[in-house]
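What follows is a set of structures to go through.
Look at the two complexes coming up: chain A is in both, with chain B in one and chain C in the other.
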Partner chain A sequence: MTIYNVYIFDREGQCLYYDEWFRTKQSGLAPIQEYKLVFGMMLSMKSFVDRLATNDSNQTVNYYKTSAYKMTFLESATSIKIMLNTDPNATGIRDLLHKIYQTWTETANSAAKLELFASNPPNENFLKNRVRDIVMKHPAYV
Partner chain B sequence: MSNHIQHLFIINRAGSLIYSWEARTETPEVEKTYEWPIDVHLEEVDQKAVVVFGEKDGIKLRYYVKSVNGETVSGTRLQLGAQQVNVLEYLQEEDHYPVTVKFAAPTVSTNEKIILSSMFHSLFTIAVQLSPCQKSSGVEVLETTQFKLFCLQSRTGVKFVVITSAASNIAADSLLSKMYELYTDFALKNPFYSIDMPIRAQKFDEAIKTLLERAEKNNGAVTF
Partner chain C sequence: MSKAIKQNLADSKKMSAELFCLTYGAMVTEMLKDYEDPKDVTIQLDKMGFNMGTRLADDFLAKNANVPRCVDTRQIADVLCRNAIPCYLGISATASSWTSGDREFTITLEANPLTELVQVPAHLVSAGLSYSQLIAGAIRGALEAVHFKVYASATDTGANTEIRIRFDQVLKDSLPAGEDD
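Let's look at the complex of A and B:
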């Protein structure tokens, strides 16, 4: 069991954050192109499932799974989207996504306040260290 | 009993839908009488008057206007005597109230199934490209809060897709393998069948129906 990588997107599809741990295969695209492809795939998947399910209006994609990996989705009410790639058999990933989202919101709020009062914008490692700490403590890691 | 299996699709190598089956279910409908102003927000989506805001009394997002005062709505056109009016404009006039509107849940049309099959074909391929590790297949399981989708791709690139309810724990692998077997028996061995074209064989339809009945009874495990 392992955790491969994580993407965080805003509502317009800008990639706010990317990190990877045990990724062994690159997509062959430039990072910016890959982020666009991931976001586009998620939009298509949402459109796909919306049209297929006629029961109810509130529906979200939980995850998709292939033979080699599993991508779990989390979308907040403000349309922040987090996608986490893990081993297909990893468990407890939804809780991990919620923790990452919580870390993201806290860090984004702190960064916004800092930008108002400090001359230097917050360091990028400010978020990276916190996310890595959460991920590496998770049982699905390694 | 409740149907666990909702949809079946067979998609050819190029992403075209060559077979589909759908469980017969009652489409929910809601009728309500409104005073001015109407508190449901409607917009034209895909040539229908669709609810985009204001869920209430069983009327949900994506429901569309089916009839007004008992008169059937065709797309967004309402027939009033010899005259045709836009139903969205009709509901904007205070003179027409009180008004009785019937809403219906959306259904998946044949054209939409064709579009969705092509869409799934693309998603399947992109999932391989975006894999963070080597030798990944495309999407095998897709789960949402409403349903689960299972996909089996044959060596020759034909995809067998089954969609079940979210609560179902059906053994989809067994069902998909059996579907593949029926496909080879009734489609590929048919001397009049052109490869990659829609399957129109009565024996295939009957075999699929029998398979699904057995799958529902045995929770997807289908063996001889």
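Let's look at the complex of A and C:
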């Protein structure tokens, strides 16, 4: 099993963090363009799913799956969105996403300015080390 | 910022209540000198609290994974009193005085750490200084981060601090400019 890549978006759709592990094929798009598309897809999927909902319960989109990979979503109540691409059979990904969220908040809150993350390239070293650490320890990695 | 400093910041999770109280007091005193009108100080404290609140919201959610999504103000008050306030101020709080169809309520902090060693001069209070407005601001900020727009104001009444919260509306996430859903 494998973990491919992860995106973290803020509520405005800015990509705050991106990292990849065993992603052998790139999308061929500029990174910014790719982030935009991924975020846009998530938004469209959410509104689509809301329209088709059969009742008023507060539903969430959890993941989508192809024969080759699975993209798991986590959206916090504060609208921070985390997306992780893994092998379709990977398990325990929700917990992993929650851990990434925890790490992200800890790091972001300890940074003097949250904007540090937005204005600098999203791959902030300290956060990167911590996220990598968590992901590599996860049983679905490798 | 160097890595070492960041590491330290990330690790410093607890701090002494007394130190916190004294630093806060010193800060408010300094602000009272800088802004001539105590009302402006209240506004600034509220803003500072708001900025803290927007970040605390994420921190709170990360630490409390099993807090349910709130659907009414009773639930919001319940989470605030039972989870959030004890978590960040180390004290318990109670919600009461529900009015205007559950849209307004008061949270009472029985041992507000901010006012523990503090006596706010009466003339400043009557001139519009709300010493604990920072907490009210933080609640407003945190709730706004989770899409609830509320108004919050703090009043210190002797031993207790009362925070009056008025629920305004549920905010919707705005779509990025130029994109329709």
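The rule we apply is simple: the second predicted complex is superposed on the first by the 130 of 142 C-alpha atoms of A that agree within 3 Å, B and C clash if a C-alpha of one lies under 4 Å from a C-alpha of the other, contacts with A are read in each partner's own complex, and residues count from 1 in each chain.
Heads up, the rule we're going with is that a contact is a pair of C-beta atoms (placed from the backbone, for glycine too) under 8 Å apart; a residue touches a chain by one contact, two chains touch by 3 or more.
From a predicted model like this one, the values you see are computed outputs, not experimental measurements.
Superposition of the two structures on chain A leaves chain B and chain C fitting side by side, clash-free. Of the two partner chains, neither chain B nor chain C is touched by A:P31. When the two structures are aligned on the shared chain, A:E106 is found in touch with chain C, with no touch to chain B.
In the superposition on chain A, contact of A:G92 is made with neither chain B nor chain C. Remark: in the superposition on chain A the angle formed at chain A by the CA centres of chain B and chain C amounts to 90 degrees, rounded in steps of 10.
When the two structures are aligned on the shared chain, A:S79 is found in touch with chain C, with no touch to chain B.
Look at A:P139: by the touch rule set out above, it reaches neither chain B nor chain C. Within the superposed three-chain arrangement, the count of touched residues of chain A is higher for B, of the candidates chain B and chain C. When the two complexes are overlaid on their common chain A, residue A:S47 makes contact with chain B and with chain C alike.
With the two structures overlaid on their shared chain A, chain B and chain C come no closer than 5 Å at the level of C-alpha atoms. Residue overlap on chain A between its contacts with chain B in one complex and with chain C in the other: 44, 47, 58. Residues 7, 27, 55, 60-62, 105-108, 112, 116, 119-120, 122-123, 126-147, 149, 163 of chain B are the ones that touch chain A when the two sit in their complex. Listed in rising order, the residues of chain C touching chain A in the complex are 1, 3, 6-7, 9-10, 54-59, 61-63, 65, 69, 71, 145-147, 173, 175-176, 179, 181.
Residues 11-13, 39-40, 43-44, 47, 58, 76-80, 98, 101-102, 104-112, 114, 125-126 of chain A touch chain C in their complex.
Taken in their complex, chain A has these residues touching chain B: 4-5, 20, 22-25, 27-28, 34, 37-38, 41, 44-45, 47-69, 71, 85.
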